[in-house]
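What follows is a single structure, and I will ask about it in a moment.
Chain lettering (A, B and C) follows the sequence in which the chains are written, and residue indices restart at 1 in each chain.
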Amino acid sequence: MAEDRPKRIAIIAGHGGLDEAYPPLILATSAVAMEMEAAIFFTFYGLFIVHKERKNRLKVAPVGNAAMPVPVPNIIGILPGMTNMATGMMKNWMKKANTASIDDLLEMCIEFDVRLISCQMSMDVMGIKKEDLIDGIETAGAASFLEYAMDADITLYM
Amino acid sequence: MAEDRPKRIAIIAGHGGLDEAYPPLILATSAVAMEMEAAIFFTFYGLFIVHKERKNRLKVAPVGNAAMPVPVPNIIGILPGMTNMATGMMKNWMKKANTASIDDLLEMCIEFDVRLISCQMSMDVMGIKKEDLIDGIETAGAASFLEYAMDADITLYM
Amino acid sequence: MAEDRPKRIAIIAGHGGLDEAYPPLILATSAVAMEMEAAIFFTFYGLFIVHKERKNRLKVAPVGNAAMPVPVPNIIGILPGMTNMATGMMKNWMKKANTASIDDLLEMCIEFDVRLISCQMSMDVMGIKKEDLIDGIETAGAASFLEYAMDADITLYM
């Protein structure tokens, strides 16, 4: 580990819930603000975070999460409409706390050189094409992620 | 990386299911027992692990988890009462295996100097105040976690 | 950190959905293909990945996942049979993308010396015995994982 290079964080984003989209983007942008290097590798459901139609894709599931701040009984959570309600609640909390939106965070990633990498194999499996994803994203395989991560100081699957 | 300091583990606890509360606490207490340094950074739903009312908050969701050891068909899992039943089952398994409770593990964390840190931004977003959390917890931002983690030997988002 | 040893990845596999079984196995086999050392520590629901009856255990939950590529309304997802349908869909996607099956990936792990380790405490808690698990797996405690991971270059909880 050379001491003359910046500290580095390598993140895999593997989940596609709206509440799961914030943690990798917040950590990566915080890291570059501290002059670290940062990359996020988007795999499987995580690809929805960088999907052009992410507005319709990133949701908060109101069932199967016993820790929802405002608990929704499962019998109610399965009714049509509840997923949209839970998603709206989450967006409101973030706004009240003056937190950046997913779009803001993605813009910050691109502006401050967080490397955004989509997983080629996940795209093949899920039938997602490069043009379905936001501009400024690279596409690579697991080997590329491992090459980057093996010299990182922080590695997280989020 | 100086060789004269102890090995260090930095954990982010981001989930609030009862079954999701054990892994970070077990790893952190095992680490300090091996004379490592350990810190857990509680974000989003993970804050419920260190919430004073965690007994009512940490549950095991009986739906949306295809790997429940005793599988509950989803059609049954959504009935009122099943979340409490699943939570009770988990507690019984842990007891039979002579595993420490969440309360025991938190006490061990404090006694053996695992640093417990609550994420300021998550608290703002979720309307959780410092006095809602257990005594002995610090509050900090993502930058503090990154500072700590960049010199850690093991980093995990759990 | 000695420079004359191979790079190392230490993974904890803690989840038991079919879609959650692929990422740790794909990363570990990719790592050994790059001449890295790799170990996977299977805890809690992750034990189902290496369970002899994994075919009946590893499923994709069609509810509680807002990011399912073909979204299934929760009201439908809870009907009996939908879990099997979602599981079949996932297997088909993987086949179309020419991805190895879980069985193939486990065989590759054993052939190329990925260390597969089952967590003793999780086995006790869940009533899983060594003979329930695939051949070629070691059993160890959290301390063994920490010993291995503290000298790893990449550490992930997946």
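Quick note on the criterion: a contact is a pair of C-beta atoms (placed from the backbone, for glycine too) under 8 Å apart; a residue touches a chain by one contact, two chains touch by 3 or more.
None of these values were measured; they are calculated from a predicted model.
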| item | value |
| --- | --- |
| Size of the rotation, in steps of 5 degrees, that lays the CA trace of subunit B over subunit C | 120 |
| Same or different residue numbers at the subunit A/subunit B copy interface, by half rule | different |
| Rounded Å distance between subunit A and subunit B, as computed from the means of their C-alpha atoms | 21 |
| Of all residues in subunit C, the ones touching two or more other chains | 1, 61, 63-65, 77-78, 155-157 |
| Residues of subunit B touching subunit A in the complex | 1, 10, 12, 14-18, 43-45, 48, 57-65, 77-80, 82-83, 87, 121, 124-127, 141-143, 146-147, 149-152, 155-157 |
| Subunit B contact footprint on subunit A (complex, rising order) | 1, 7, 9, 19, 22-23, 26-27, 30-31, 33-34, 36, 61, 63-67, 69, 73-75, 77-78, 93-94, 96-99, 153-158 |
